[in-house]
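In structure tokens below, several structures.
Shared between the two complexes below is subunit A, which has subunit B as its partner in the first and subunit C in the second.
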Partner chain A sequence: MTTIPATERPVGVDIQESETNRAVIEAIEADNADCTVRHMPGLVRVQAPGRLVINAESVTARLGRDWETHEFQLAIISYFGHIKEWDDDEIVIAWDH
Partner chain B sequence: MQFELRTQVIEPPRKTFQHLVDRYGDRPASRYEEGTIDVQATANFHYRPLWAPDKEIYDPSWTAFLLEDPYSFTDPRQFYYAPYVTSRSEMHEAFGSTLDYLEKRGLLDRLPDSWATLIQELVLPLRHYEAAAQMNCANGCRFGYGTSITQCLGYAAFDRIGNAQILSRAGISFGGGTAEPLDVAKRDWLEEGTLQPLRKLTEEMLVEKDWGVGFITLDITDQLLYGLFYNHLDEVALMGGAGSYSLLAQHLSGWFTDQRRWVDALYKAWIADPTHGPANAALLGQVADKALADALAAVRPIAARADELVGGGCTAALEATAASVRSALAAAGATLQEA
Partner chain C sequence: MTIAPKAPKKLSMKQRYSALTRDLDWEPSYVSTDDMFPYTTFEGITIHDWTKWEDPFRLTVDAYTKYQAEKDKRLYAVLDGFAQSQGHLSLTDASYLNAMKLFLQGVSPLEYQAHRNFAYLARHLNGGGPRFAALCQSLDEMRHLQTEVHTLSNYNKYYSGFANYLHQHDRVWYLSVPKSFFDDAVSSGPFEFLIAIGFSFEYLLTNLLFVPFMSGASFNGDLPTMTFGFSAQSDESRHMTLGLEAIKFLLEQDEANVPIVQHWIDKWFWRGYRVTALVAQMLDYMLPRKVMSWKEAFELYFEQQMLNGLFQDLAFYGIRPPLNVQEAIDEKEILSHQVYWILYQFSHAASFTTSMPSDEHLDWLSATYPDTFDRYYRPLWDKERRNIAAGGRHFDRGLPQLCQVCQIPMGFTEPGDPTTICQRSSDYNGEHFNFCSDGCKNIFDHEPEKYVQAWLPVHQIYQGNCGGGTIPDVLAWYKMAPGDGGEYLGSPDHQSWLGWHDMAEQTGGN
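== the complex of A and B ==
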């Protein structure tokens, strides 16, 4: 079996589609140039090779109010990858190996 | 028996209104965009106002500050009715609980005499300033062009009535449940020498024909007054044993931070406009120069009286605020003349 290196194996999140979460999705799209977005009924899957970043600052700019990274808990349905970082300013999802 | 689960995506025939698709492409629009962009009536006005036959009833030329596309400015807070109301009800509830706390412990009665005088003489009369600011913003809401702008001005007008109410409630509580301090404050607003320059300026703003000019003057006066009363005196109060003043002031300074977000964005949009930008920048500089001079002259006697009462270098703080307002406007790109 061939393994895809961790830098290319896809990581991603499923985000519930709602008014607030749309800003989160737009922010992810803007910050991750190589991500793909798939709309499904009621949810949106955002996926990128190797690494996905969610910046609190970009979400805040789109949402028009302060957005804190813990609010991401309420937005997501599922994710795949490993949460590398969960700070006040950004969340990084990537594979360890 | 095996089931195969599949998701079937049904593409909606359209994601949002056509005018939003034309502007932003075919993507789902936010509630703010749907309730704001291109809502301004632009055609079929039929009759021109008898009192201004050179203009339509909604006309960009009601102010000299023009935007090629009025929707190049959008509210950074993205307020439409629902989030606006939610945010303000939270604000007033927070104020209510502060006031409850102050009343329960009788903290307003225990204010040092000098601070009680300051609240009675200088702070409570400002509710009439807030009421005038409400009319000023409502005027902008009527004569502005572009819903993104008029919406902000409309909410700002509601806010000012709210602020006047905050001051009134504080005043009633301060008078132990009677409106006596408010009556005195009204008399002071009309007669007390210290307040007359500010009242004059406030009334001049109300008769200003150009809503843009009137509003900028209001905003600059706001920056000086809010800087003095709800930022600087807040600090002084904490040092001077008048913690309850600070508890009240935080609500108004918090509101003003929120107000600044959209006003600064509007200035930025005026200056950045591709066609009218340079003219707007020059005009903004000119209006700001005059407004700063007038507002300083109007607020100086008030700062001087505050210094007499509680000290704390109010006059110096006022001059410093004026200097920082000037440099902030210059940094934003407005061309101010006086150094």
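== the complex of A and C ==
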């Protein structure tokens, strides 16, 4: 097993395809420069090297209404990495070591 | 739709979580902590500080109920629309439902088992944080069972094989594979259960187990299953977090926990991986419209995300990838073919139907598995095509030997040699036990006193405990009706399907 540093190993999240979630996905794409998006049946997978952030403010701006980070529970299907932060303003997924 | 509360926030998420979970915990005064939590020491795990357990979701009971209610509302709106629009006629084919029969019979009852054991953890873990996370998961698991049964009951009105899933889960040979897996987990201690189900099942293997079913549903016109699946999966991400926090917590609390946890990872990776064999054949053989192959799913969800992602992280604690993981990687080219071949020839004793893959399907398998399919498995189907042409569709009339640990019929092959059946054995207390693999033998040898008690369906039939000595006797004891199993072509489901679609054409679509 070759060792890849935590900052390079991909982390990601699978999101259900829906009207609301389109704004969530657009916000993730805008806030994570290195992320890649893959469409699969019924879901969208977003992954990025090392770290992925979901900003409540970015989602709110695209959705046209307040979006609180708890709502991400309605969007997420699965993820890989650790949930490092789940706060009022942002959710961060990254590896620890 | 507005979900976000508009009232000014007095507490931040962190503060609210702290106030509504940990602040509600208390130190016992008139009993000792050991008396209050008697089950968290006998496994040899050392915990110094329960407050170090983190719940990254910071879930509180008000947020939990609000979002779970919203998830259910969305699901039931879909179910209503489905029932009102005769949605079952929009499936790719009635044979698709074989995957859902397997799901209802094999997986849904496990949700209930999980509900029970997480309720136990919600009482018996010492820390307030993990107890609340376990309580939420316990409620989730009950919701999963209920929504799965409600959803699939829409098909039970029109199709065979769904009616007796609970009765069959406790009795039928292929269902003893998932059942014995979960029985094994709930009869272990609380920490082993957390690693078995919370970590191995819910984090390491969850994407292999559930996402293929849901994507398969999406691709095959099964809107309600896709909806309950994604609704359940949204809870699953919280469960994954609980599993991951559990393992990090155990590893960080005491170095002496590391070898215990490593053994549980080794054991439960292999136990869970053997259960996914049923998913492997489902992906490659049961879906009329394919989503991805087992090989592709294994590479994406297991090799890339877990071996190259998660296990690099766990190496920090001195944890290595699970024992026998290389065998699993090597098997990705052959697993689904071996398992479907078993199910194909024993489906006369199953509550789903099987059929020979079409030419187009065989070509897809050849293209997807270029190194193995034409060489080892296509010739089997060519022979079976001749059997069918001669009026002799193959059903195996004997009973297979089962692995003492995973309970799958012994049809797997030697590592590196797909032409020789793998057979391992151990003797214990003067009795002889058989295993399908080194992985299952290792598990037995570590805890023989547990696995000698396994309820093996084939042994039970021979001992006269399953309704009688003939196949019709056993099928009656399984509560299997004619048409529930056997060959799909010409089955009641197939005939109904053709009839409905013929009728739909004649009447212009309704």
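Of note:
The criterion applied here is as follows: the second predicted complex is superposed on the first by the 97 of 97 C-alpha atoms of A that agree within 3 Å, B and C clash if a C-alpha of one lies under 4 Å from a C-alpha of the other, contacts with A are read in each partner's own complex, and residues count from 1 in each chain.
Just so it is clear, a residue touches a chain if its C-beta (ideal position, glycine included) is under 8 Å from a C-beta of that chain, and two chains touch if they have at least 3 such contacts.
None of the values given here were measured: they were computed from a predicted structure.
In the three-chain model built by superposing on subunit A, subunit B clashes with subunit C.
Contacts of A:73 after superposition: subunit C is touched, whereas subunit B is not reached. Of the two partner chains placed by the overlay, only subunit B lies in contact with A:22; subunit C stays clear of it. In the superposition on chain A, contact of A:64 is made with subunit B only, not with subunit C. Of the two partner chains placed by the overlay, subunit B and subunit C both lie in contact with A:40.
Put simply, more of the residues of subunit A are touched by C, taking subunit B and subunit C as the two choices. According to the touch criterion, the shared surface of subunit A, contacted by subunit B in one complex and subunit C in the other, consists of residues 40-41, 65. Within the complex, the subunit A residues that touch subunit B are 19, 22-23, 39-41, 63-65.
On the subunit B side of its complex with subunit A, the touching residues are 7-10, 28, 30-32, 75-79, 83. Within the complex formed with subunit A, the residues of subunit C that make contact are 2-6, 9, 12-14, 56-58, 63, 67, 70-71, 74, 206-207, 211, 214-219, 226, 230, 233-234, 236-238, 240-241, 244, 248, 291, 304-313, 315-316, 321. Those residues of subunit A lying in contact with subunit C across their complex are 1, 3-4, 6, 9-12, 14, 16, 40-43, 65-71, 73-88, 95-97.
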